[in-house]
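Next come the structures, one after another.
After this come two complexes, each holding subunit A, first together with subunit B and then together with subunit C.
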Partner chain A sequence: MQKKIIITGFGGQGVIMAGRIVGMAAALGDKLESSLVQSYGPESRGGACSVQVTIADRQIYYPYINVPDILVCMSQGGYDKYKDILTGDTILMIDQDLVRVSADHDFYAIPSTRFAEEMGLKMMANIIMIGFLAGITEAVSLDSAKDTVSKSVPSKTIEINLKAFDRGWEFAQATLKSRRKKASGNTGVV
Partner chain B sequence: MSDYKIILFCCNWGPHAAFLNLQDRREEIPNEIKMVRIPCSGRITKALLFKAFEMGADGVILLGCESGSCRYGSGTATAMKNTTETREILALLGLGERRLRLENFLPHQSDELLAFLKGFVAGIKEIGKSPIFATGSLWEDRKEPETPEEIIAAHDVYSCQDCGKCTSACPLALAGKPFSPRAVANDIIAGRADTKEVIASVNACLTCGVCYERCPSAVNFPEFIKDMRAYYRRRNMTTEPAHGGFFQSMMRAMTSEGLKPDRWKNLPENIKINKNSKILFFGGCAPYFDVFFRVYLKINTSSILEDSIKLLNFFDIEPNVLEKERCCGHDLLWSGDRDNFIKLARLNLKAIEESGAEEVITACPECYHTLLNEYKHYGIELPVKITHIHEFLDKEVEKGAVGFKPLETRVSFQDSCRQSRFNNLADLPRKLIEKFAQGNIDESSARSLTNCCGNSAWTGCDSFSKAMQVQRLKQARNSGSGILITACPKCQIHLRCAMEDALRGDELKMEMMDLTTAIAKTIYWE
Partner chain C sequence: MRPAVLTGEHYITGDEACAEGAMAAGCMFFGGYPITPATEVAEHMSVRLPEVGGTFIQMEDEIAAMASIIGASWAGQKSMTSTSGPGFSLMMENIGLAVCTETPCVVVNVQRAGPSTGLPTMGAQGDMMQARWGSHGHYEIIALSPSSGQEIFNQTITAFNLSEKYRVPVLLMTDEVIGHMSEKVVIPNASEIRTISRPKPKGRKDRFKLYQPAENGVAPMPSAGDGYKIHVTGLTHDERGYPVMTVEAQAEMTDRIVRKIRDNRHDIIMTDSYNLEDAEIILVSYGISARTSLAAMHMARSSGMKVGFLKLNTIWPFAEEKIAELAQRARAFITVEINYGQIHLEVMRSATGRADCHLVGHAGGTVITPEQVMAKIKEIY
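What follows is the complex of A and B.
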């Protein structure tokens, strides 16, 4: 098993931190191997920001990612950069208010920034996105993700960050449920 | 001698002549039958028919005249309707339709009458004794205030500043009734609790809670009224409730443990119920209401329960229901019968405990308030979380991935007193309405709590209740709304009743829909 995850966004959205939490949750919580590479390309001068996380159940020999299994986009620029290399198997996840998907590709959308604003702290959008990522892809387990979130944020904000995580997780469950309902052909109240 | 009790209501004319003939001939009329002579079978209302069962009758017979030979014209037809509907309610209650029969006899048909009576008694013995015991009183562990003085002290009515804000906001007073919460408080403080006027006022109060909302001293007037009614009831000074007291009778009958109501029997098959679920759906009395009010109002409040369970199914929850669900006891408590309320509450506690549920969801604001607050108040601790269906829906909708089709018409909302005022949940239904109304909501109901629907706990319905209902419906219609969204089955019944006014024709008619039904109609997975 190997999962290659790229998370992209603007500097300041907490993209790197999101990557760190996912990687640490996999390594420390789920006892897997993980590696993380911060983007050092020219985009880090232009406000764009990305992180590459690999999770595997064996040793990771090469930490760079050419074709991701999971691509999380919290900004339009991040999406535009990677959209051409997406394969049919890549799970694409976006902040629906910040990214417009232009190619014919299935994707999972969440208004993570809006949710964070509703909860009163815009900078929690990344935590909401981690909840969403964990819920949709199961790349990391629920318990270890929550555990790592609470160890990574300032102690005063643990409670609200866990709430933010749950918001994303529950939205993921609702999204998956909605897809199941659509597949069964029943979207209304029977 | 057997201890079966069968009440025979016997019309003065045709059947009584036949009955007399049997007595003259010294025929052996079964001992179990107690005959009550009545002027006409049409005069025995559903409430009177049921009262006999409440008092422990094992069977009831109503005898009238053959169709066409009724001395008063419409007696036979009325008796047919009353009997049919009461039989349906008996079936829902699990008593069985066979315990009530209507038969018609002409004076010369004594032999047929005797055969019928013997057959009926044999039939009742086949079914067995009624599980209902005559309802009595319950005097154990009483901690409640009993005298007017104690009741005044318990609710600190002395702190009334005589400002009159209650009266100026009271919907009854605004409808023109000579009624004033302040005056009631003053009268009782002054020791006039037992006067006819005060008793009538205490009975007339809607207990809607507007006065409490306005009171600068926070005197909880509805609670005060509740205890005063219990005081009157214990001293046998209560006024007759509305609808002949049918519903109170029915609820008292439900305090008998042996009764096994079958009130879910008409649940549609596509609704998914799971006996092992940790979530219990508590329905409430809607199925009984629908039978009782069918002829005049054509209401369908059972659909509220069905749509609620469908919505739970929509969110992948298959709830359990109490097979023998009883009334929560709200109306007994609020019409003063605390003893039987507590009996019912204990039975409900037992049933809920046995179901293994961890959470009870209900769509009825009265059940919600009663299970959540009143049970605790009277020392009955339910080991479950009580959730209003609106709370559940709000939580699930917030999780995302569901959308709403707009309703395409302006919407008005009718607040339920038990939900919006007693439990401060007025914002919740408005938030949910906004999903499908999308801004197109009548301003007055969007902004503030709407007026009472005219009654509560089946007490004190009069022309002023009607005036309030007319006013409320006019307000809703004048706002340009095409639909009135309600949150309580009783609001629907009361407002529908006002719409039925023949003299006003279609002037007050408008579509009404419960909020859960509106959501069930519009929600979909995105």
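What follows is the complex of A and C.
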């Protein structure tokens, strides 16, 4: 088993932290191997930012990713950079208010930034996205992901961050449920 | 307050793993100056050392940083500094002082692309020859090169051990990519970590000679305050440590600092072998490029090509005997490194014409991809 995940966005959105939580949850919680490399520039806020996380049940030889199994886009620039290398097998996930998908492939959408604003803390969009990622892809287990979130945020904000995670997770479950309904031909319309 | 050895599983960067390795090895002094991409080593040591009663000092520059760890070492402590290219250049004079005074200490170079200020946030492996010959005069030195978070932790401990055992500065040559890459690092129980401390002198203090070597060629080392009357100088000195400006003293001293490394090379040189038994082409690499090479070797094997991989953990002294032996049965070497051919030239020298030697390298700023190595393998296979 090997899963290659790229998360992209702006500096300041918590993209690196999101990758770190995913990688750490896999390595320490799920007892797998995991490597994380990040694009690293002099800019911090507002510039393009991405993190590459490889998760495997064996030694990881080369930590960089050519073609991701999962691509998470929290900015249009991040999507535009990678859209041409996506294959039919790549799971694409976007913040639907920030990214417009221009090519013809399937994707999973969540308004993670809007949800975070509704919860009163815009900077939790990354945690909501991790919940969504865990729910849709099962790249990391639910328990490991939640445990790592609570260990990665300031202690005063653990509760609200776990709620944010759940918001993303539940949205994923609802998304998957409606897809299953569609697949079985039952659109719910009488 | 946490202990020196943080037993358990951690998901940390290479720079943090380096600092934890130093702590586990018994490092009690860090003098340094921040520089990308090595800053996190210093940052982490500044938090960790006070927790165990150690000392962290941010010095005014890298010249002073290197001087401070030499002083701390003579005060009896295991000491370390970390830097990147521009700082490594500034440290060169005092690295020579540590060589000449036979001072145990560890210097970490998280390499970025040069020359000069270069690409501060982007990796390279362009300082490998500087590690070998950067300070003036003729000497031998030890340099290691790790290629994962776990190896950084392990090799930092090894660096301290070799440094203490042979009384020589040991250079840990990492790079921006593995310095900033996060991976799982398993730290064992303190009782399972083997640490070595410098040999201490015994016997009458009035007859003590500072540089009288023991059987393995290394002289026992007292600390300031132990009661021995010692004179420590970078001038050519005799066994007592006093300056002697003669051809004979120069030969005797240089011979000692060269031979203690050369004669013990089998204890110092560490390599890992992958599929060398039937290999027609052998990749030679180290650091982050070893990860590229490992991936390329597996790609080649899965398409039926007999490719092996020699991973250099010790860079200096160079594994020339190993290369010479392999050159008798392999058709070609491909050295994979992020420069225009530094270790490549060492491989050529060691192969002495018995095997073809090729290079896959570039000027730095990014890694070498497995596909680039595969292209070279296909070209010459």
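To be clear about the criterion, the second predicted complex is superposed on the first by the 181 of 190 C-alpha atoms of A that agree within 3 Å, B and C clash if a C-alpha of one lies under 4 Å from a C-alpha of the other, contacts with A are read in each partner's own complex, and residues count from 1 in each chain.
In this text, a residue touches a chain if its C-beta (ideal position, glycine included) is under 8 Å from a C-beta of that chain, and two chains touch if they have at least 3 such contacts.
Owing to the predicted nature of the structure, the values given are computational and were not obtained by experimental measurement.
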{"item": "Clash-or-fit label for the pair subunit B, subunit C on subunit A", "value": "fit"}
{"item": "Subunit B versus subunit C as contact partner of A:61, first or second or both or neither", "value": "second"}
{"item": "Subunit C, subunit A and subunit B - angle at the middle CA centre, rounded to the nearest 10 degrees", "value": "150"}
{"item": "Touched partner set for A:35, first subunit B, second subunit C, both or neither", "value": "second"}
{"item": "First (subunit B), second (subunit C), both or neither touched by A:173", "value": "first"}
{"item": "Subunit B versus subunit C as contact partner of A:27, first or second or both or neither", "value": "second"}
{"item": "Contact breadth on subunit A, by residue count: subunit C or subunit B", "value": "C"}
{"item": "First (subunit B), second (subunit C), both or neither touched by A:181", "value": "first"}
{"item": "Smallest separation in angstrom, by C-alpha atoms, between subunit B and subunit C in the superposition", "value": "32"}
{"item": "On subunit A, the residue positions that both subunit B and subunit C contact, one per complex", "value": "none"}
{"item": "Subunit C contact footprint on subunit A (complex, rising order)", "value": "20, 23-24, 27-28, 33-38, 40-42, 61-64, 66"}
{"item": "Subunit C - residues contacting subunit A, complex", "value": "9-11, 37, 120-122, 176-177, 180-184, 291-292, 294-295, 298, 367, 369-370"}
{"item": "Subunit B residues within the subunit A interface of the complex", "value": "270, 307, 310-311, 313-316, 396, 399-402, 520-521, 523-526"}
{"item": "Subunit A residues within the subunit B interface of the complex", "value": "110, 170-171, 173-175, 177-178, 181-182, 187-190"}
